[in-house]
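Every chain is named by a letter (A, B, C and D) in the order it is written, and numbering of its residues begins at 1.
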């Protein structure tokens, strides 16, 4: 990527190498970006990852199927429910378990609440990266309400471990549905509040429109999923394409963008929050009575084969690829397809040729979580 | 057991072997009777015993036939399991197969690429897995290429940009070398790391890399039970 | 550019709207909980610190097997005793240790426990487990698990009370029975 | 004691001491106010642990910074690194010499002016001295031997230089209306004119205010220290009292900009609308309040706005900041000068 401008620079230009992170206020964890700068312009950006590598995939190979679930919590730590759900959905596919409708609906409620929580974290950090500090506190206030709901349901706020292969571990506590409904009713007005601060703000628009553009063709080629792909105008959502649990029974729209830039991805995510509340309303309405666990054996024994299952996590397609051996009680190989990992790969494509400040906007808009990238 | 605590009810700790056996038999009988009664009435799928998916031949899948037609001898076998087709292809032909699938069959999205280690297997140690997606009809196809430990493989990064990091990861964690990769470096571990962590012969507890390892410290008499200590009786 | 657009560019109404919002928040109620003086009360199912009852434990080792990170260490021996003229095997637990410093509070041990009510559970209403020393202070043997001895030593942890040993995550604990520390 | 010594030495000395103490006290409590107000806007309480309601927080902060280890990074230009904070701090304090806080009053038969000096080129003096401050920031950024600091220093140099021009033009519009460069003269001119200059010079006021925010490196123009990009910008490597000097200088500069806005556009120490309210009941009541109070009240409004902006807005990007400065503010300020000049010409003949 060369700098736009006169063919031959007036002065000798020396590129400055800046190592961005792994300790830096804006890198969302321990991401490191090795940059070559020409003044403020990024000539080359190379993400360096692996500072949080804990060998989770190796650990999966040593533990029984149910014992894997708490470890999935720690992959994308702001988004535990989807990790649980992805693993459980995949295992149910492998074992041929079909879960009761009540369990499926409860899973959807938990997953959509978690999506809201995750998007709120994204909103907060994205805004802080671009210099608006106040939305952080407003979104975390609502996120705390969601975490309270989680805590009431399963006893944990962050690393939930709230699903089991074949259903759910707990029945709902008394009054939980009412509190959830109360939250869902109040939430859209809060979204309006956040949007007042940013959506129409001219500084916000200047910072995001036309920044981090990736064309639909490139987006597909780089394997983008989730909001970054939808921001590039491709209507694609695992919940619609390969519905799991009972997502085929609820109505919702898949928002898409047109300009393929950071602002569109911002709008897509904000709209996704609204759609999530819509799904939540329907789920709360339709929630049937019945058992919450399928009739699964206590000790799960797998057939031989490979299976891939995926869910639409707030970051993109979260997939689990499990290779099982005959009568095995633990996965022979369990690969996680982390959406953040694949999405981060297109960071150089998005930022090269733009300014340092745009790097922040793009890292924010990719919504990466390093726990998931490094695994 | 200290004296100030309530002594445990002795009956709870006593196991009457004979009585236990009898109780077990009775319970099993009751369960069998209940099961027979339940089997008579129709049940919801989640009430029934789960039926695991089975393998079936997928040679007549249209992608497989197309592949066979265009690139003769590239397909070794095709298997259908749990709603997905796995096509085993020759490792030497992987780039041609991928290019064909992308250009002719519209598989323009590489969802995932990974590897599986089978150290004991004769055909070759590693399974390379490519998991493709087609947007037009949302079909997914899994390619499998078997690679030996000292074999290399053609990189598919020129076909799908997404393969770049995934191949780096496979190289890092399994040690499979990809040819013509734009920058095959370690990605999750560091350059110079001794070993490939996801191989089955890599110890789970890790290796001494020279970095400080802080051992677990336990109080005297605590800590994990050593094998020579014996696990109960 | 229409007049309206021009005016909105010049007068910056959206910026003032944002300022009105933040300015309005100056006078709203604050969300802060002044921590050491006031505490948020965890929910009934909150997976806090461990509780254990030697009385109920049947020494089946299921919790140790369920634990994903193998931090429960159980050791027992069998004593043959004569009770009422019958010879009976008696399992005696020598050691029941949990290495809490490595625990990730997933609750699988509680889920695996077959007794009713549970012999090991995670529903103590406390989240204050920090210490200055992790090897000794965060290694709980069976005496400490039962009495929470030492655990009380942490500043501000309410002592366990009678009603707070439900043994089952699903059983309701009456909120009135727990010491009221002033939840906000 | 002979009269001249008293007049020339003692009174100015006392005034200097009082001014320094008051200014530094206000600066210290401005940091407290910022944290408190930001906290309140963000549904939290802000500092409230040290002393009642956190009133002693600035003292605690100061003590902490005082006893902190004073690091000079390896490879830094040591001398420059050490004097850079002073270069920033001293001009910020010197500028207070010409700020008129109130009207002269009599004590024991002596007329005492609540300002150090009323020089006839006060505005030029302020413009000149304030430009010195940017050297400190640049030198501090450059001498730290840190790439983020260097970028912060460069950004701040470019930003300050380009915003000083429209700011100068905005000040000129006020000077045109007053017909003098003296700060006291400008306030007196507003008294004779009967209205604050903000009403005829609303455009100039707006430009001055935006430039003032940019000059002090505050949100939404806080690029030199944008923590999301440059960690802490030019003072990344500073710690202890050196950092404190940078920090205090920023707040002192905020006060200067606010004070100048008050003097030039909001009538300095004058109560509002003396001619409109004359004869109404409110007029004597307003006049009864001392001028210093009026001045400080107006100034605190501006300082509050600083904090308010910080709590609300995102940050501009560097090229956008330049575009705003050169493409919008500069032409607007030029046009404003012409408009005001024309108005003055027509009205005053």
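One rule holds for everything that comes next: contacts are C-beta pairs under 8 Å (C-beta built on N, C-alpha and C of every residue); 3 or more make two chains touch, one makes a residue touch a chain.
Everything numeric here is computed off the predicted structure, so don't read it as measured data.
Every chain gets a centre from its CA atoms, and the centre nearest the mean of all protein CA atoms is that of A. One simple way to say how far apart two chains are is to compare their mean CA positions; for chain A and chain B this gives 23 Å. Averaged C-alpha coordinates put the centre of chain A at 27 Å from the centre of chain C. The distance from the centre of chain B to the centre of chain C, with each centre set as the mean of the Cα atoms, comes to 33 Å. Averaged C-alpha coordinates give centres for chain B and chain D that are 64 Å from one another. Annotation for chain D: residues touching 2 or more other chains are 41-44, 311-313. The multi-chain contact residues of chain B, meaning those touching 2 or more other chains, do not exist; every residue touches at most one other chain.
Looking at chain C, one finds that residues 15, 18, 21-22, 31 touch two or more other chains. Here the touching chains pair up as A-B, A-C, A-D, B-C, C-D. Every residue of chain D that touches chain A in the complex is listed here, in rising order: 38, 41-44, 147-148, 151, 219-220, 222-223, 226-229, 231, 310-320. Chain C makes touch with chain D in their complex at residues 15, 18-19, 21-23, 25-26, 28-32, 34.
Of all residues in chain D, those touching chain C in their complex are 37, 39-45, 308-309, 311-313. Residues 1-2, 5-6, 8-10, 12-17, 216-219, 221-225, 229, 231-233 of chain B are the ones touching chain C in the complex.
On the side of chain A, the complex with chain C involves touching residues 63, 66-71, 73-74, 134, 141, 144, 148, 151-156, 159, 161, 169-171, 173-174, 193, 196-197, 200-202.
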